[in-house]
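Just below sit the structures, each encoded as structure tokens.
Look at the two complexes coming up: chain A is in both, with chain B in one and chain C in the other.
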Partner chain A sequence: MTPDFSRVHRFHGGIQPPEHKQISTTMPLQAAALPDRVVLPLQQSSGLMAQAVVSVGDYVYRGQCIAQVKTLEGQSSALGAAVHASISGHVSELATLPVPHPGGLQSPCIVIESDGLDLPVPDHVQRQDDWQDLEAEQLLATIGAAGIVGLGGAGFPTHTKLAGGFAQDTRLLLINAAECEPYITADDMLLRQRSAALIEGIQVLVHLLEPEHVVIGIEDNKSEAIACLRAAIDDDSCIQLVVVPTRYPSGGEKQLIQLVSGLEVPSGKRPIDIGVVCQNVGTVVAVADAVIRHQPLIERVVTVTGDALAQPRNFYVRLGTSIEHVLTQAGLRPQQLQRLIMGGPMMGFALTDLSLPVVKTTNCLLAGSNEALGAPGEEMPCIRCGECEAVCPAQLLPQQLYWFSAHQQYQKAASFDLWDCIECGACAYVCPSDIPLVQYYRHAKDELRVLTDEAQKAEQARQRFEARQARLTRQAEEKAAKRAARAAKAQQIQSASKATAASQPKATSDDSLSSNATPPLSESASTSSISPSLRSSQQHKIALAAAQVALKRADKQLAAAKARREEDVTALEAKVEQAREKLKALQNVSDTLSDTVSASVTPATPVTAKASGSSTPAVSASLKQLKITRAAALSAVKKAEKGLLNLQRATDATAEQLDAQKARLAGAQEQFEAAEKALQKAQLATEPTQESNS
Partner chain B sequence: MSALMDASVVAAVLALTGLALCFGALLGFAETRFKVDEDPIVDQIDALLPQTQCGQCGHPGCRPYADAIAQGEAINRCPPGGESTIEALANLLGRDPLPLDADANANSEKRVAFIREAECIGCTKCIQACPVDAIVGAAKLMHTVIVDECTGCDLCVAPCPVDCIEMHPRPEAHWHWPQPSGPGHLPLIATDRSGLSSQVGAHDA
Partner chain C sequence: MLSLFAAPHSHVPRRMPQVMRQVMFAMLPGIIGLTIAFGPGILVNLLLSMVTALLTEAWILRLRHRPVGKTLTDGSAVVTGMLLAVALPAIAPWWIPVLGTFFAVAVTKQLFGGLGQNPFNPAMAAYAFLLISFPLEMSLWPQPFEWHIAGFSWYETADAVTGATPLDAFRHKGMLTAEEFWQQPQLLSPDMVLAWEWVALGWALGGVWLLWQRVIHWQAPVGMLSALSLLAAFFYGVDPSHYASPWFHWVSGATLLSAFFIVTDPVSGATSRLGQCFFGIGVGILVYVIRTWGNYPDAVAFAVLLMNFAAPTIDYYTRPRVHGHRKAQRGLKQKDSAP
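This part shows the complex of A and B:
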């Protein structure tokens, strides 16, 4: 479809609310007095939040960038807008403060205390001037660095929108000067004063986008602005001025496109998809300021109006100025201030706090009494009158959307093109039941966003779960394979060792605890080989330790049984005795062993120094073992003594128990003596060895 | 004459045989080419489940429960999905929606696990329990939960030997427009109502 500029087209529906625009156009557009302090939220666009690049205590000049947006991977430019200092002074705070928001949210902000000098960034003047030489990418970067967002109210980052227009073929550049909402005159007053700057901005955009047509769309209720524009546009320029009838919401992007060109943006598409880039007047002027005058976005035109003000008017307001500061300069009458609305009466939202800052999307501050603004009525049931459908500029079925939204059938609402709703509020305006329809739609859209997010999260969780399952299976398989390999190896070794054992004498494979250790020892002594004797001494050590543990355990069981006053402790006592005997036998063996080792070492020493060197640790190890045995025996003696003492103290101890304990004590003492003896013997045996070594 | 008959019979037989072979080959090709490996209904059921992998249905994960539903198991065993999931499953499978088969106090509030890191002893038990690998840490080192990946399934709470894991309500990511209170209440949006009767938009567009 080709655009048709021969006539002004129509869009469906629309309303004609009282304009109330003349209230604020009587006084000229002026700069508001500089504030002492500005609060600059880091989130001032509909994109990502900017990150502060200054810290508390820093001195900043007017126009200095104080927060930047990180460029995400895979994106040519950041989806968000930088923030600049709107006055010079010191950064006093980086804090989370209340910002203008329908939900009264708090958001990270940078607070600057003014030094009253309003110094610009010093190197501004040295910048090169000729924007016509700049490449498109450089121009886009300049616009992005200036922190410009759509000043009409949506706050979409301008460089992102323009980059989209640059990437695709732009047929129509549409400058939106319609400003259809009641009360607001910011664009009107800006055009009256700075229509030349608007033309400059358009030239920059034309240089960037190279569109086939350039159209300024303006409502017919702004005669002065139209006259100024006509004067500013050269006769031979390609800029076309289209005056459209006053009907809300002609300033809606899609509606204005339809009005001037007859083109309709298809459902779910953006204007750029049909080759149209639409920019607000204020945005275009800001582009001119940024590109030609190197001035970032630090102030904007704000309409300050309503019957609570003595001098309703338009101001150039530095971003971050408190609303109270602005209203006071317009002659605020606090007793009449019952409702404060940011934005227009149709699409704006009520604020409850006068200390909130003016932000990039603040096009209007409407301070009025309940009588003038009309107190919101009580919501009543829908009577299905159909008025809303008649006025809907997006040709939706507001009634259906309302039913679905109110009954949580959000998917159904989406299937009735809820996403094409521009939230203009025309339906709510005409609703005889005072239903806050737009709020239902906004709620439904939020719920749909949540559902989409949840579906995405569920998909992510599913993928992670499946990846984990796959990993676990793989690990289990690997483990099983490893285990099988190990088992096979072990079997191989076992069969090999069996084969060698069969070919060798029985002694090396005989590991029975009760077996007499003397034959292998004598054998090893006879061959002067030390390693077999060492091995058997180790085996004995292990057997000794095992026997000790068995004894200890039996002792413990006995004590426990006694503590439980069980009658039949004789079996346990027998067990203890048995364990003790076994231990004794082993100790005897180890005594012999230490003798043998020392005996085997002594003759070996003269033969090879190496053999004696390697035998010394073995001897000292067996010595150590003997010492340990002695200590264990000593502790057993002490334990037996203690047990006896306890029994004697206990009133109900029988004579038998006492006797048993006494016998145990005697046994332990005997054992200790044996251990002591063995140790002394071993020490005696070792001394000559060490002497011979040294 | 009989020779002619024979020729036409042979031709007919040949033609029919040819056709049979042709269609047989076609069907054989179609069978291999358009083979369906899995029951597609399982995928559809799985897509409706919330993928918390919490096991409250008695199955080790959402996919096994989807398999079980396809085999005829009840559709009301998923507490995290709540009524909306039951309804969606009922719609998909043409069964009657049933009331949720769970404790009455089982709330469908979105939750997220939180490890009191000072008390964590680094036993890795919770890491092994997490069905979506949302806990990071190593043996004898502190563990923590990746909030964005946590499905709030609760499975890590029980294995913790020092009870340092608790479930917190998931913080809302964004502010949401509240639903209006309905008829009989004052709306919250500022809307200019003055001069309503005289300025209603025309219907002629």
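This part shows the complex of A and C:
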């Protein structure tokens, strides 16, 4: 597909909620008062967490890097964002503190107490090198070192995204100025004030990525910002300004790409896979500041709005400033503050703690009353009205996804393309039954992730188990082979000496003896009367040892289970009993066999025949015993498997229960295999004996 | 105290109870038309149906241990009762609307799991049930405009004044050609036709208002009406002496009532816009076929019920192409896509 910039395309569905934007654009964009204290989370990107490079008590300057991300092996750049001091002062704490997060997460943070001076890094001399002379790698490193992430809300490390664009062919550099969520005006106000900086940033990115097209996409409700942009763009510049209709979620990455170029990002792929790099306005300005003015990311524009504020507006806020500090400066009316939302009303998340810090992805603080925002109504049954489907920008069937998610049919939901849902909330916005659809989808996605994880883990466990089994068998075989070799040698020496002792002229004519004398001795006819019983005796010794080990293990398991006060020790007791029986059976067999062996070492053939003949009933009896043991072991395995299955089906099973059951299953499987092996060996041992007998 | 809610934090103002109120409001012109033409009996039916609907719903929710107040106020049961009542003959005995509404709410709706779960349109299922069980009572349409003269005594002589609906009359025209049929006022009085035209106009007014309010969408009504008109026009064009004109099909029976209020029922219809279009077309075709060659004079109820059967299949075959996918997944066989 080729991009088509000749017209504005459209995406499916979308909604037009009340904008509420003008309330925060009446006052100019200004810096908020400096806070006394900042809390800087180490995790402020969607990548890896940064590691603190300062200690408690250290003095830090504004703009000083205080936490860095390690570059992993095999990666050119760190997959994460560095953190910089946003004020000067002393590091007072390195602690795990609550951070803004939908799940109320706590995360490691650096706390700086301000000295009130706001001193920049002193040796921060303006570097003389012109950015246009920098190599791409150096540019990327500069951007990475400035700690820039996607400021539109996703928080993806910018240098990583740009590195991807640099590595592949970038056809389209798309600057996202749509800002489609209601209430938010941060990009709008930034554009009104700093359009020139945006153009500078675009020039840096063009220098880096060399795209074929550069497009700024902006919604048509920002006329002032559009005018500023038009003024800033040179007539001969390659930058194209595309004004798109106001329709949520036009600022969604995939939707904006479709709007300006007609291209669709294939399912499961990233924009760069079709040659598109999309960057938010704020991010591009931050890039300009970092590359041209050598300023790391220490502040951002935040829309502070809502009916709980006397002066809703936009601020430059230093990162780490507490929300309360920011809201207070916008004239917080606490009695009206019933809802606090970080981000917009469609995709933002609610917070309950005013002391949380502003972070790199905080584009909006929405402080409002229930009347203004509207408390969600009670969830009613889906009436399949199809309103959700009509507005879904991904053209999904939200009602079907809801049905499958609510009925725990997560795989089915996945087959209805749950993973293409961008969680924009348009469906939930229009649903007349007030179903919190997005919550259902998030939950279903979580469940699917857990399922995939579990499947992977189970697969790994299975592979480990099989490898272990193979190793054990190999070891046992090697041992057996060694012993057989040793025994054969001994036998050879013995029979050789006997042959010499007999040393009669007739002996040479005796086939059996002559071949008996020829080394190496393995499968020769003469030994066939001796070696099977001998071999089986050795194998039985191994089986005996294995059974002893199994008994000991079962005993131990039983003791452990008893210690844990588990209910079903009876199964384990039965197992111990089985192991004991098996051991006894094996001991019986080996007793018989050792008799046979001692009888058969006497060279006379008829005696051997007689001896093996007499031992046959005993052997077959023990064979039967072994078969019974094997069957019992098999049923134990089946039982353990069923138990595990039941536990997995049961929703309230704990991880401990599952693990215990898995251990039980593994034990039973081992037991079964041991029994199977013993049986096979015994069968092998008896067959030749019977043959020689006949 | 700050409260936690999940995103999105704002919602379109319209919710289900409002939707139901709008539907009730949109029925007013049609109800007025019916009342002018066939007398206040229609209002009695309405009242009986609405009360029965509420009582039945409350009783069954009680039995099922579901919250009564919340579900009653959603208005869906009342709308079901009203839709049935306006389809019933104006002078049907009192127990017809009561029994019918009870059937609609208790059997077709609640037995299947309540709101949103019923595969069949409750009002139409109840109508079909009544028509099959009590064909006589279901044909008690009075002569139009006569109650103005007769006043309330008119009810006592109701049996004497019942007249055939236009559809019924046309179906029983026997060997007469259409032209001859229209010349026999004793077979079908011009008043009757006029009355039904007024009623149809009432439904159309309400329907257009619903469309304008975006309570319903154009796909199903347009699908149904165009399929019906095309078929009618074709046969009328081929043999106007035996087939009724498209206009006749539009204004007679429950055509416009069902186009705007029945085939647009979200629960028992197809769910996607494209699917709704197919659903409407299906109803339109079936209505024509049953009316013309079937045994029942009006076919809307059966046509809708048959299409209700087909709705899930329609849904499977009208799945949209998801953003970023080359092709739409359609058909009953689903391939599983990896997460």
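The definition used in the following text is that the second predicted complex is superposed on the first by the 467 of 694 C-alpha atoms of A that agree within 3 Å, B and C clash if a C-alpha of one lies under 4 Å from a C-alpha of the other, contacts with A are read in each partner's own complex, and residues count from 1 in each chain.
As a convention for this text, a contact is a pair of C-beta atoms (placed from the backbone, for glycine too) under 8 Å apart; a residue touches a chain by one contact, two chains touch by 3 or more.
Everything numeric here is computed off the predicted structure, so don't read it as measured data.
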item	value
Chain B versus chain C as contact partner of A:E200, first or second or both or neither	neither
Contacts of A:E299 with chain B and chain C, given as first, second, both or neither	neither
Contacts of A:V438 with chain B and chain C, given as first, second, both or neither	both
Chain B versus chain C as contact partner of A:L448, first or second or both or neither	second
Contacts of A:K254 with chain B and chain C, given as first, second, both or neither	second
Touched partner set for A:D188, first chain B, second chain C, both or neither	neither
Contacts of A:L337 with chain B and chain C, given as first, second, both or neither	second
First, second, both or neither for A:R384, with chain B first and chain C second	second
Partner chain in contact with A:H101 - chain B first, chain C second, else both or neither	first
Touching both chain B and chain C, residues of chain A	11-12, 15, 17-18, 182, 339, 341, 345-346, 348-350, 366, 373-378, 380-381, 390, 425, 428-430, 433-434, 436, 438-439, 445, 449
Residue numbers on chain A that touch chain C, as the complex places them	11-12, 15, 17-18, 182, 254, 258, 264-269, 337-341, 343, 345-352, 366, 370, 373-378, 380-386, 389-390, 393-397, 399, 411-412, 414-420, 425, 428-430, 432-434, 436, 438-439, 445, 448-449, 452
In the complex with chain A, residue positions of chain C that touch it	1-16, 18-19, 70, 74, 76, 114-117, 217, 266-267, 269, 271-273, 276, 319-326, 329, 334-339
Contact footprint of chain A on chain B as seen in their complex	46, 49-53, 61-63, 131-134, 149, 151, 173-196, 199-203, 205
Chain A to chain B touching residues, read off their complex	10-18, 101-103, 105, 182-183, 247-248, 339, 341, 345-346, 348-350, 366, 372-381, 387, 390-391, 405-406, 425-426, 428-430, 433-436, 438-440, 442-443, 445-447, 449-450, 453-454, 457-462, 464-469
